[in-house]
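I've put the structures underneath this note.
Below, chain A partners chain B and then partners chain C, in two separate complexes.
On to the complex of A and B.
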C-alpha cells in the first residue's frame, strides 16, 4: 500500500475514535457506570456487542467513555509538555552559549531519572485525580521536545535570513515566531505526535498498575486493570477489546508520526 | 568610506584574521580575494557586527570616519538598516523557507520606511522587469525558485533600498556561468548608476578581473597586497597573488 494511503487510513481511524469517544454519551444506549447484576460477564451478543464486565456494565460503552478520559488526559498533558518544551528549548537554542550548555546539562540530569519512577512517587502522594495524572505526565515528557526545539533553533539561527533579521533590528518576538518557530513546526509536530502516543501509553500503564485514574472513572487502563482477573474467569472480551483499541490508536499515531518524519527527510 | 584598521579576529586562541588594515573607497568596487579559510567571511561579519559572542575582535572599523565600535545602538541600527545591504553566498538560506517571497522582500527592502505593501509591489515589479523576474515570483516560496532567481531577488532588494554600500559575500559561487555574468553586470550597473560602493568578497579571480577597481588579496588571515586592479595584475609582489593570477581558467584565451 502506498504510504500516503496508510497515513490517510490512520488519520480516518483516529478521527473516528476521537469523535466516537467525545460523543459517546449520546451514542450508546447504556450508562458507563450503571451496574446490572443480572447481566454479569455476558459474552458479546446482539444487545452487548462487546459483552459485559464483572458488574454487568456494557464493555463497549465503557470503552468509549474510557477513551474520552484517556485521550483527554493524553492530549492535555501533551499540550502541557509541548509548551514546556518550546519555552525551555527555545530559550536554550535562541540564546546559545553558556545559557544553552547550562540548560542542556540540567536537562540531561532530568533525563537520567526514569520518568516512570517520578510518576510513581508523585502518584503515591496524589492518588487518583485525573488532573494530577495529567499534570505529572505533562511535567515528565517535555524533554525530547525541548531538545528538538533547541537543535532546530540553533540550526536556524546560523542561517543568513535570521542573521539579517537580527542585523536590521527585527523585534525578538518576531524572529522567534516567524523565523525560528515557524520553520521548526514540522519537527515539533512529529515529536508532539510521538509524545501523544507516549502519553496514552503512560496513562494506560499507570491505570493498569492501579495507580492511575481512580477506579470509579472509566479509562482504557482501568478496564485492563480489571481484565487481569476477568481473564482467568474466561471473560476474554473484557480485556481484548480495550487492548486492541489501545494498540491500534497508538499504532496509527506512530505511523502518522513516522511517515511525516520520512517525507520530511525526503 | 569604510576604513578597517589593524583588525584581528580570534576564535578560541586561534587567530583567524591578523592585523589587517584596508580601505574601501567611496563609489568604487573593491574586491577581496583569498582562498577558503583565509578569514574573508569573518572580516565581513566583523564589519556587520554579527560575529558570534565567543569571538574576540580587536582593532577598529571606521564608517565615514566614525568608529563602528563606538557608535550608539541607534547609529549602529541606522548604519545596518540604511547604509549597508548584504548579499550572502547561499541564496537559499537568505530567505525564510516558510514565507512568500513578496512579504520577505518587503521587510528586507523597506526596513521601516513606510509605504504600503501594494505600493512596494508596484515599484518592485519595475525592478523585477529589469532583472528578468516575473511578478509571479512574489507569490512563490523560496524553494520553488532557483538559486540564481533568489540571488536576483536579493539584488532587486538592494536596488530598491539604494544603500550606499553593498557587501556581497561570494554572490556568484553556486550559480551557473550565465547567471554569474548577469549578476556581475547588475552589480556594475548599480555602481555606475547610483555610485553605490561595492565590497565584493570572492575567490574567483575572473570575477575580480571583470569588475573590480581595487583589489585586496587576503592570505592566511592578513591582507598581503592591495591596490588598483591594474597594478596588482601587472606588478604583483606576493607569491600567492602570482599563483592566483596564473590559475585563471580563462588564461587560455
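On to the complex of A and C.
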C-alpha cells in the first residue's frame, strides 16, 4: 500500500475513535457505570457486543467512555508538555551560548531521571485525581520536545533570513513565532505525536497498576486493572478488547508520526 | 584526559542522584497527612494529639525539611537507609532481598535485546529493500505500539491459563530451589521486555545505517574504488554510536518499564517493591527504592557513555578540551 494511503487510513481511524469516545454517552444504550449483577461476565453477544465485566457493565460502553478519559488526559498533558518544551527549548536555542549550555546540562540531568519514579512518588500522595495525573505526565514528558525545538532554533538562527530579521530590528517575539517556530513546526509536530502516544501508554500503565486515574472513573487503563482475574475466570473479552483498542490507536499515531518523519527526510 | 572525562561523568551522576533524592524527599514531605497517620494506617484516627506529637518527636518530624534531608543524606553516606514503616526492618535489608532479582531480570533482558537487535538492525540496514528490512520496519512500529503489560496479560492468558506451560507469577515455586525453576519463572517477564524493546532498537539501527549509507563519503569511497567490505566496516562504526546513545537515552524508561512488568508478574524485585511502597505509603522504603533505581540508571548510563567514548574518537577529542 502506498504510504499516503496508509497514513490516510490511520487519520480516519483516529478521527473515528475520537468522535466515538467524545460522543459515547449518546451512542450506546448502556450507562458506563451502571452495574447489572444479573449479567456478570456475559460473553460477547448481540446485546453486549464486547461482553460484560465482573460487575455486569457493558465493556463496549466502558471502552468508549474510558477512551474519552484516556484520550483527554493524554491530549491535555501533551499540550502542557508541548508548551513547556517550546519555552525551554526556545529560550535555549534562541539565546544560545552560556544559557544554552547551562539549560542543556540541566536537561541532561532531567533525562536521566526515570519519569516513572517521579510519577510514582507524586502519585503516592495525589492518588486518583484525573488532574494530578494529567499534570504529572505533562511535567515529565517535555524533554524531547525541548531538545528538538532547541536544535531547530539553533539551526534556523544561523540562517540568513533570521539574521537579517534581527538586523533590521524585527521584534523578538515576531522572530520567535513567525520565523523560528513556524519553520520548525514539522519536527515539533512529529515529536508531539510521539509524546501523545507515550502519554496514552503512561496513563494506561499507571491506571493498570492502580495508581493512576481513580477506579471510579472508567479509563482504558482502569479497565485492565481487573483484567488479570477476569482472564482467570475465563472472561477474555474484558482484557482483550481494551488492549487491542489501545494498540490500534497508538499504532496509527506511530505510523502517522514515522511516515511524516520519513517524508520530511526525503 | 580520559581520567578527567571519567571524573566529570561521575560528578554528573552524583548531581543526578542528589537531585532525584531531594525531589523525592521534598515531594514526600509535601504529602498531605502526617507520618504518624501513615505509620498507623487504619488506626490513625484513634491517636490523640499528644500521641501524634510524641510520634512526630520520635521520628524527628518536628524538625525542618532541611535538617531532615541533611540527616537522611548523612545516614545514607553511612550506609543507613532507615527502617521500613510497614515491615520494621532496615530498608537496606529489604532492598538486599529484592534487588538481585531485578538485576537478573534486567541483565538477561538487556543482553537478549542487544543480541537480537544488533544483527537484525545490521542485516535490515545493509539490505535496504530486502524482505527482512521491511519486516523490521513494520514489526518495529507494531511492537512499540503494544502496551507491554497488556502483552504480558495476554501471554499469561495463553501460556499459563490455556496451555498451562509457564508459571504466571513469582520468582520460584514455594519451597522450590534450583536454577531450572527460576529460569521458568523468568521466561515470560523477559519475553515481554524483549518484545516491547527489540523492534525499537533494531529499527533505530537500521535507519541509522541507511542514513549513513546515503552520505557523501560513502559515494566518494565507492567511486574511488575502495573495497565494499572496508566501506561497510567504516559505515557500521559510524552507525553504531547513535545506536549506543539511543540505547542510553532509553535506559531510564526501560527501568520504568521493568517496574510495570514486575508488578504484573508479581516478580519480587525492586519495581514491585516501589509500587507496593507507594500504595502502602511506606516512605523510607520508597526513598530507598527510588535511590537504588537511580543508582542503577546512573551506572548503566555511565557504562554506555564509556562504550560510546571508546567507539567514537570525536568524543575523545572533545573530552580533551
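Keep this in mind: the second predicted complex is superposed on the first by the 266 of 266 C-alpha atoms of A that agree within 3 Å, B and C clash if a C-alpha of one lies under 4 Å from a C-alpha of the other, contacts with A are read in each partner's own complex, and residues count from 1 in each chain.
By our rule, contacts are C-beta pairs under 8 Å (C-beta built on N, C-alpha and C of every residue); 3 or more make two chains touch, one makes a residue touch a chain.
As the structure is a computational prediction, the values presented were derived from the model and not from experiment.
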{"item": "Touched partner set for A:201, first chain B, second chain C, both or neither", "value": "second"}
{"item": "Dominant contact partner of chain A by residue count, chain C or chain B", "value": "C"}
{"item": "Which superposed partner A:160 touches (first chain B, second chain C, both, neither)", "value": "first"}
{"item": "Touching partner for A:108 - first (chain B), second (chain C), both, neither", "value": "second"}
{"item": "Which of chain B and chain C A:250 touches, first, second, both or neither", "value": "second"}
{"item": "Partner chain in contact with A:170 - chain B first, chain C second, else both or neither", "value": "first"}
{"item": "Overlapping contact positions on chain A, where the chain C interface meets the chain B interface", "value": "none"}
{"item": "Touching residues (chain side chain A, partner chain B) in the complex", "value": "97, 159-161, 163-164, 166-170, 178-179, 182-183, 185"}
{"item": "Chain C residues touching chain A - in the complex, by the definition given at the top", "value": "12, 15-16, 19-20, 23-24, 27-28, 30-33, 141-142, 144-150, 153-154, 156-157, 161, 211, 249, 252-253, 255-256, 259-260, 263-264, 274-275, 277-279, 281, 283, 286, 290, 293-294, 297-298, 301"}
{"item": "In the complex with chain C, residue positions of chain A that touch it", "value": "108-109, 111-118, 120-125, 197, 201, 204-205, 208-211, 224, 227-228, 231-232, 236, 239-240, 242-243, 246-248, 250-251, 254-255, 258, 265"}
{"item": "Sites on chain B touched by chain A in the complex", "value": "48-50, 53-54, 77, 80-81, 86, 88, 90, 93-99, 104, 107-108, 111"}
